[in-house]
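In what follows, chain A forms one complex with chain B and a second complex with chain C.
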Partner chain A sequence: MKIFQIALGILAAIGGFVDIGDLVFNVAAGATFGYQLLWVVVIGVVGIIVYSEMCGRVAAASNKAVFDVVRERVGFRAGLGTLVAAQIVNLMTLAAEIGGIAICLQLLSGLPYRWLIVAAIVALAIVVWVTSFDWLERIFGYGGLCLLAFAVAAVKLRPDWGDVASGYVPHLETDDPLLYLYFAVGLLGAAMTPYEVYFYSSGAVEEEWTPKDLGLNRANAMIGYGLGGFLSFALMITGGALFLNKGIQPDFLGSIALGAEVPLGKIGLLLALVGILFAVGGASIDTLLSGAYNLAQFLGWEWGRYRSASGAPRFTLTWMVLLVLALGIVMTGVDPVQLTEYAVVFSVVALPLTYLPILLVANDRAYMGAHANGRLANVLGVVYLFVILAVSASAIPLMILTNVGQG
Partner chain B sequence: MSRVLLLLVGAALLTACNGGTVDRHALKQDSDAIDSLACEGALLARDVAKGRSTLYFARVHADELAVRASHFGDALSDRPTLEPIRAKVRDEARKAGRIARLLDELHRHPADGGVAERLRPRLEHEGDCS
Partner chain C sequence: MSEELDLALGLLDHQLLDCEGRRCGNVDDIAIEGGPGESPHVAAILVGRDVLRSRSWVGRLVPSFGDRARVRVPWEEVSDVGAHVELKKTAAEYGLGRGDDRVRPWIARLPGANR
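This part shows the complex of A and B:
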């Protein structure tokens, strides 16, 4: 029974791995550079495994989620800067995801986009209000598994598997190295989206993990995210095999769905759209709740999905306000795909602000006792700190120099 | 912190800015983007012709592509242009307009295989799709 539960959790994690940032950056990277950047996805997936495993372990050992730790470790003033940066990125991501839901619904139903934005907001509010934590994870995770259509599409498009294999080895075959670096940064940012980790560690506290759950934490992080990365590979291979030679820049969510329609027909298209809808819908909920978790944890409010609205009123009010703010942003008519690119780049910039305190705490034997980082976790944690710092410092300059990836 | 935020907003505005004079680099970028829209439209038209797409998807996505092509056409017509490339920019603006009209026709006939079959080679030709 336990194994069955773990398997279900892993399935949900696979389906829940992909969000709008992964969809946009993986397909665009494939369309621009073929399979050359597959190695970056591997680095990103290992990075999110390292980061989330540390966060889960800290939560299990100390019963503290990310922003509890941030405030405790860096103090109120520096922590407040981190919180503001995280909330801005969260809100941008949330708005992009909600726009993505509305576009997906429009591609499925043909109804007007703005009506569907409102419908999406109302639906999200109801789902978050009435659905339990477990069911949120399962419904959207399993629905997101429809994205496996892209794995079938990738195979059916008959890519050159030798070229695909060489994509896992870092190499540069382009006359535009800045654009290559921009996409590398975007792919890393899309794979290591911080809200996933805020949500993951808050969920661990909500589910009252203890050190006995560290095995589950490791399995979820390694297998769930690891296999979730498989979907990212499929998206990039689809983008490379279908769009690269035709010179197509997939600038719309519809372009991504077309990647499944061309090789698989209507079934592929519908599976892709449903998969995107659930993946983006699940990510919206994760982002929404992460915003509320972050604020409540930082300010010491009562928080949690397991509490009733009256048991955690400020937490509940926060996610409602975030939903209204996101509605305002999407209703301006901003393009969700472009907003996603900005959100991913800015999330990379803000990433070290939460990564560093978590690394310090996870490495603190006085705090974590026997559950502090071992040698491997420590080496990986420090290596990724340098990777994250380098990527964070270069993200904005690359965005400007490449005109947001337009070359 | 506020300085960092200001910098971020400034950077976003700088990079989002799509105006300015059309030079050779901007023309090449826009031309590639316009060709991309035509080629994507051709793929969609092929699927519509074979009955491999859905009505709503074809209608909505063709409209997205048409609107974007039309925006490129308008922008190329309106923006100041360097004198030596003025004629090329005008040609590109006209091409964007033609592609927008073809995609709009696909948008208005999303379930008509005959129309899609007629539009596909024209889109491929306009976009110089390989």
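This part shows the complex of A and C:
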């Protein structure tokens, strides 16, 4: 049974880690800088493991999810600011992921985009309404594993493994350092997107974790996000091997799937599209529920899919409203890939106020007791807080200076 | 509850649970009584939109779905203060969680809402 429970980590990894933001930033980074930015993904993956493990532990020890903790620690006013920022970024991300679903469906079926947006929204509403939390995890987590096609593709494209290896060593060797830094910030933002921890911690409460599940929590964080990181490497290597120096910027989801088609043929394309479909579908559910979790936790409402829909009425109403808002945004015809870039960069700005309260509460022995942070978690937590602050301060200037990565 | 309790960190803004474990609001404010020369004591916890409004202007932006604007729960009704603040009776008996109660009939009409 325990093995099934790793599903939370896998959904968080596939739906949360490898979402439209990672697809876009990893392949684009590969196309622009080859394998040079692989080291940034490593930093991002370790960061998300550290903070997910921490908030999973807080949830297991105290039954509190992220926005319970945010409000308790930073108070109502600053907490409300964090909530508003989180909800805006969440909604943008949700809209982008839904656009991604519609693009995948369009590539698979050839039907008109706008019809498929509506179909995607209706399908999401039905899936969230009827499917229990653990089945949500399993369906989208395991479906997203089709993305492993990119790992096969990366190998089949015969990259120069020496170059790949040197990409894991931090360095800055480029004619365009601003663009390089913009991609670095984007990759970190995509790896450490805050909704991953909202969803992960609320999911831990949904699954009614207790301190007995701390081993499971650690395994989930490491295996899940480790797998996410592995897929990110594969995407970047594919992007580098296929698009670098060819003047191709994969700013369309279809060209990302091309990365698997070139070396693997039709089957590769199909696996890539299905994998992307489940990954962005899982991410839509993560962001949708995160939006409802956050609001309910901040205002003290009953919440959770482990209640019946009528057992947590305002929570249910909130996700329904969010779905309608997202429909409105995608139907304006905004490009999901561009929306993603903005969402990732803005989410970086909201990171510090999300992660600081988690670090503080994970150290509070009043209710963490023996499960409070050890020295390793604290050292890493503080180091990453500084990384996040630096990234957060530079995100918007870099976005402006590089014209959103257009150089 | 003989241990020391940090009101700002350990009570304010914490989640309220009723005797059935239902989430029914947060500790939005704390009423402390006792004039000059008397020893101050916690008299009640305050919950609701109006309480938040008094804490900051942004409180006005907090959506409400028909919550009674201000509920006063006497301190004697608190059974435990740990990770959450637990109450002795059901939310309904204090008039808490009415927003959820107000929305419930609408949601409950949808098929499969009570599973």
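One rule holds for everything that comes next: the second predicted complex is superposed on the first by the 389 of 407 C-alpha atoms of A that agree within 3 Å, B and C clash if a C-alpha of one lies under 4 Å from a C-alpha of the other, contacts with A are read in each partner's own complex, and residues count from 1 in each chain.
Heads up, the rule we're going with is that a contact is a pair of C-beta atoms (placed from the backbone, for glycine too) under 8 Å apart; a residue touches a chain by one contact, two chains touch by 3 or more.
As the structure is a prediction and not an experimental result, all values here were calculated from the model.
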So, on chain A, is it clash or fit between chain B and chain C?
fit
For A:Met399, decide between first (touching chain B), second (touching chain C), both and neither.
first
Which superposed partner A:Arg314 touches (first chain B, second chain C, both, neither):
second
Applying the document's definition of touch, where does A:Trp129 land relative to chain B and chain C: first, second, both, or neither?
second
Using the touch definition from the top, say if A:Leu107 reaches chain B (first), chain C (second), both or neither.
first
Looking at A:Gln249 after the superposition, I want to know if it touches chain B, chain C, both of them or none. Which is it: first, second, both, neither?
first
Expressed to the nearest 10°, the angle that the Cα centres of chain B and chain C make at the Cα centre of chain A is 130
Does the superposition put A:Arg71 against chain B (first), chain C (second), both, or neither?
second
For the combined overlay, can you note the least CA distance between chain B and chain C, rounded to whole Å?
10
In the superposed arrangement, what residues of chain A touch both chain B and chain C?
80
If you look only at chain A, which of its residues touch chain C in the complex?
61-64, 68, 71-73, 75-77, 79-80, 129-130, 296-297, 299-303, 308-310, 312-314, 316-317, 364, 366-367
Looking at the complex, which residues from chain A come into contact with chain B?
80-81, 84-85, 88, 106-110, 242, 245-252, 254-255, 257-258, 261-262, 265-266, 269-270, 273, 338, 342, 346, 349, 396, 399-400, 403-404, 406-407
Touch list for chain B against partner chain A, complex:
1, 4-5, 7-8, 11-12, 14-16, 29, 32-33, 35-36, 39-40, 43-44, 46-47, 50, 52-57, 59-61, 64-65, 68, 127, 129-130
Touch list for chain C against partner chain A, complex:
9-10, 12-16, 22-26, 28, 47, 52, 55-56, 58-59, 61-62, 65, 82-84, 97, 99-101, 103-104, 106-108, 110, 112-115
